[in-house]
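Following are the structures in question.
Two complexes are shown next, each including chain A; its partner changes from chain B in the first to chain C in the second.
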Partner chain A sequence: MQESGQSAALQDLDLRQAAIDSCFVELDEEYDILLREVCIRAAKSRISSNDTDDRRIIQAVQALDDIDRNSNELSERLLEWYGAYFPELELTGEPLARFVSTFGSRANVPESHPMFVKASMSMGSELSFADEELLRTFALNICSLYDTRRHIESYIVTAMGSLAPNLSDIAGALLGARLISMAGSLQKLASFPSSTVQVIGAHRALFKHLRGNTPPPKHGIIFNNVVIKNAPWWQRGKLARSFASKISLAARTDFYTGKRDPSIRESMDKKLNAIRAANPSPPKRESKPAGKPGSRGKSRNKKGGRR
Partner chain B sequence: MQESGQSAALQDLDLRQAAIDSCFVELDEEYDILLREVCIRAAKSRISSNDTDDRRIIQAVQALDDIDRNSNELSERLLEWYGAYFPELELTGEPLARFVSTFGSRANVPESHPMFVKASMSMGSELSFADEELLRTFALNICSLYDTRRHIESYIVTAMGSLAPNLSDIAGALLGARLISMAGSLQKLASFPSSTVQVIGAHRALFKHLRGNTPPPKHGIIFNNVVIKNAPWWQRGKLARSFASKISLAARTDFYTGKRDPSIRESMDKKLNAIRAANPSPPKRESKPAGKPGSRGKSRNKKGGRR
Partner chain C sequence: MPVEELSDGIFRINIDDREMLATKNLVSGISVYGERLIVEEGVEYRQWDPNRSKLGAMVLKNFEIPLHYDSTVLYLGAASGTTVSHVSDILRDGLVYAVEFSPRTMRDLLQLCDQRPNIIPILADANKPQSYTHIVEKVDAIFQDVAQPNQAEIAAVNSKYFLEQHGHLMLSIKSRSIDTVASPKRIFKEEVQKLETGFDVEFEVLQRKELEPFHEDHLGLVARMFVEDEE
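Moving on, here comes the complex of A and B:
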């Protein structure tokens, strides 16, 4: 009696345990499904929110570069192709594409056009109708690539105006967008020290310097701004340093406040003018620190090289 | 008296000589001007006549390649750019460009479209109006590049039909045009031995073979014709040889007679079928000539490699 009672109790326990276990299994399964769902949703929302303003600008900058490269390549082809029909035409790039898409054959150039004399005296061969049609289509394509390029450019200007007003103000919209693109995001650009901003785009020269005996690069892509490009060579290093520090400041203001702050621009102008006033003429050769890299220095500086 | 008479006579002679000399100088000058004029005209007419039919076709083939490369590059950019807005869209290349240029935002996909469900459930982010407009312009550009590609292709087919009817017949218009382009002109292609035609476009493999211990290439760009591309590996070498010889024959007929000769095609079909019938199954390993290049052979043949 006692034994059977004991075994019944044991059985009962076993059953309970089994029931509890099965409950947990169900819960586990439910939990697994839930977890999976949550993870998928999280991933999807991460994907959705991944498309931030700066990613859009980066895409646009890269599309701009792609279009530049491609429209140049196709223009060269058009130049070679159309050159057989009108070798005297001294146009390249967009003007050439516009000319070909407008007129096609030389015979269609009106008397009022500045190319009329050249067109009527040309030593080029005649265009057949099929050739003319083909060349016009081809040229039209190139024209629309140039149009798209302008469209993208104005898009970048607008987008940068709202994403990074200070950066656009200091560096210009396109250069600012390019800096964001090379840094990876506005956040990354804001986190860079200004000495890094100064040499973004001059990786090769920078690592060559770090490896060995070349002078450090004075400027990366910030060279493309008139502040540096139009400066005499002896001011460029100094200008680049303060220009980069102001860019850094602007990127940080943009990223952390998002508000436009005209004082950055003012202080930059003041600083740059001070540098210009303090270095009116090229330094004398003797006063230079004898240059580690031997004969390099003046001649390379002049080219704005080492980028 | 005699002296003065003599000196007068001498003077007379001198004067005559001077007159004759000056005549010659004038003649020389005239002749120089004439010669110059003739040379310039000759050069001009050479330039005019330089634009032959095959040069036009070569330009078109190169333009085709340029457009291929550029439209691919821009399509990749579009894929990456639009991927942020509609990652589920499994289109690339032209279909993608057509999709984006037609609809722009996912929200515009009509219910009848096969992509409707994916579009309405997409995890991509929303397109702003400015982005949509920009992406559509960009996609439209790519579409028109693809359209131009087709235009050029049909131009080549037409031009090849009148310049090289036999070559188009044997190799196809595009492959024929590409052969002319790589040879430099129809004349040069006609002057090549057929063994050269067989390996046009396989320069690297050919010179590797001539330098050392690799097997010779079996086919250059003629591989692109279905005759060879769709053949089993053990027939390819034999087929390529007779195919190249017929291409050579066709190019010569085109260049020297300019008339269409259907018998070339017939004899080619007969020859190729004979090769196919004579080699129904892959050769046994033992029967192969033990292969200079060691372990190469079967596995590389299969890939149609060595091009």
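Moving on, here comes the complex of A and C:
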């Protein structure tokens, strides 16, 4: 520190000299104190912003699940309730809520609407004004839940882009966020071996396996990714393993460097294509392996229905 | 004499017929990672566990440690600060820039910085010294313990940016981060060669020794940067 004079002009920008020249600090010691404080503060803020980022993303993912549960329940109620007035209307979920909140009574469906004929010929009972008002408000609330859901999704995509760009690249922002949420934090996800990443979210199958005679689960929620979901069954295990290992790598890169590294994606695409090319057709022994993927398929459908 | 100063700020203490390595505690009363505090003739020392510190192991392996009371040091791979705390003890009139790239580990390091005015924490990747050129000035020594496959390169690049002419590089090379199967001896040889001739800064290796029994498959190395006259 005493030799700070010497250190002038050694880097492109000599902050110490600049600070002294501009009378921002008077002494070398003051500069040292200031530098240290600034560095501590910079490191702290980068750490805490990391922290809150993944906490926020986890909250958002859980909010999505809450909304899904509630909107499903409310939509079913609406279906049953409104069904008495317009049983021929074959809509459910969001389209139903949109329809009810827009028209209320089927008498309001305009001629130009594809449902007009069904509406005018319906065998449902008449809707009183009071009931119509109530149903419309109820449906409107459901619509706004669906709107909020979309809003949260785009929030997650943005937040994941800055917290975990590589994970978003590899798994997609929403699946990536879900993995972080189930792991508890980006740090935990980064610390998992990829064999664990592969079964994250397979709680039920895992407990079943632990209790006894079922085989261990081969994939958890990463199965939701099209890479695996759309693949023929005999490739899925291999694809899932390789997908999980790239997810691990991406999570680590995000946690440790925070920088986007396109080579992860490239190497994954290469690997997946190699697996596809090496396993063009199902393995020979037909009888046993054919049974298993079928049963896994069912449990997958159960999951799909919940979302 | 129970206390002997091996080199600036580094002590060997004889207590209950056992010898231990120690540094003078810069922040009295505080033990950083559960190490023992020893008071001798009114001075408080902190025991330095060579099993938990490559630098500590290097001292016990009779390396000549190029650190002085007023040195400035760039420490790459500071982790939670186990060794940095002893470096901070040694440099009572100096300064250590502690670079670490894992945010979680940095959190622990920051607690250490709160107590010790001579540590400047830098959350950055040692592969990218450009990202901290505005903070770090020329240093007398670089200590590096990053356990990365490109350890030699990281050392060379940082030396080029930050090491004084004829400054010292202290390096811990972990063979298994470079290659898990090849023989450590061969890896060490290659890494040393890289340092001597592989980059646009060259080093004269002063001492090199494996750090057993304190650390398996680790090589300790002290080198001096060798600068060709430009004129």
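Assume the second predicted complex is superposed on the first by the 226 of 307 C-alpha atoms of A that agree within 3 Å, B and C clash if a C-alpha of one lies under 4 Å from a C-alpha of the other, contacts with A are read in each partner's own complex, and residues count from 1 in each chain.
Going forward, a residue touches a chain if its C-beta (ideal position, glycine included) is under 8 Å from a C-beta of that chain, and two chains touch if they have at least 3 such contacts.
Predicted, not measured: the structure shown is a model, and the values here were computed from it.
Engineer: Would you sort A:H203 into first (chain B), second (chain C), both or neither based on which partner it touches?
Structural biologist: neither
Engineer: If you tally the residues of chain A touched by each partner, is the higher count for chain B or for chain C?
Structural biologist: B
Engineer: Is A:I47 contacted by the first partner chain B, the second partner chain C, both or neither?
Structural biologist: both
Engineer: Does the superposition put A:F138 against chain B (first), chain C (second), both, or neither?
Structural biologist: first
Engineer: Which holds for A:W81: it touches chain B only (first), chain C only (second), both, or neither?
Structural biologist: A:W81 sits against chain B, while chain C stays out of touch.
Engineer: Quick one: is A:R150 in contact with chain B, with chain C, with both, or with neither? Answer first, second, both or neither.
Structural biologist: In the superposition, A:R150 contacts neither chain B nor chain C.
Engineer: Name the residues of chain A shared by its contacts with chain B and its contacts with chain C.
Structural biologist: On chain A, the overlap between the chain B and chain C contacts is residues 44, 47, 50.
Engineer: Where on chain A does chain C make contact in their complex?
Structural biologist: 1-2, 4, 6-7, 10-13, 15-16, 32-33, 35-36, 39-40, 42-44, 46-47, 50, 187, 255-257
Engineer: Taking the complex as given, what residues does chain C use to touch chain A?
Structural biologist: Chain C reaches chain A through residues 70, 72, 93-95, 101-104, 106-107, 110, 113-114, 117, 119-123, 125, 133-135, 137-138, 161.
Engineer: Hey, which residues of chain B end up touching chain A in the complex?
Structural biologist: Per the touch definition, chain B meets chain A at residues 44-45, 47-51, 55-56, 59-60, 62-63, 66-67, 69-70, 73-74, 77, 80-81, 84-85, 87, 123-125, 130-131, 134, 137-138, 140-141, 144-145, 147-148, 151-152, 155, 158-159.
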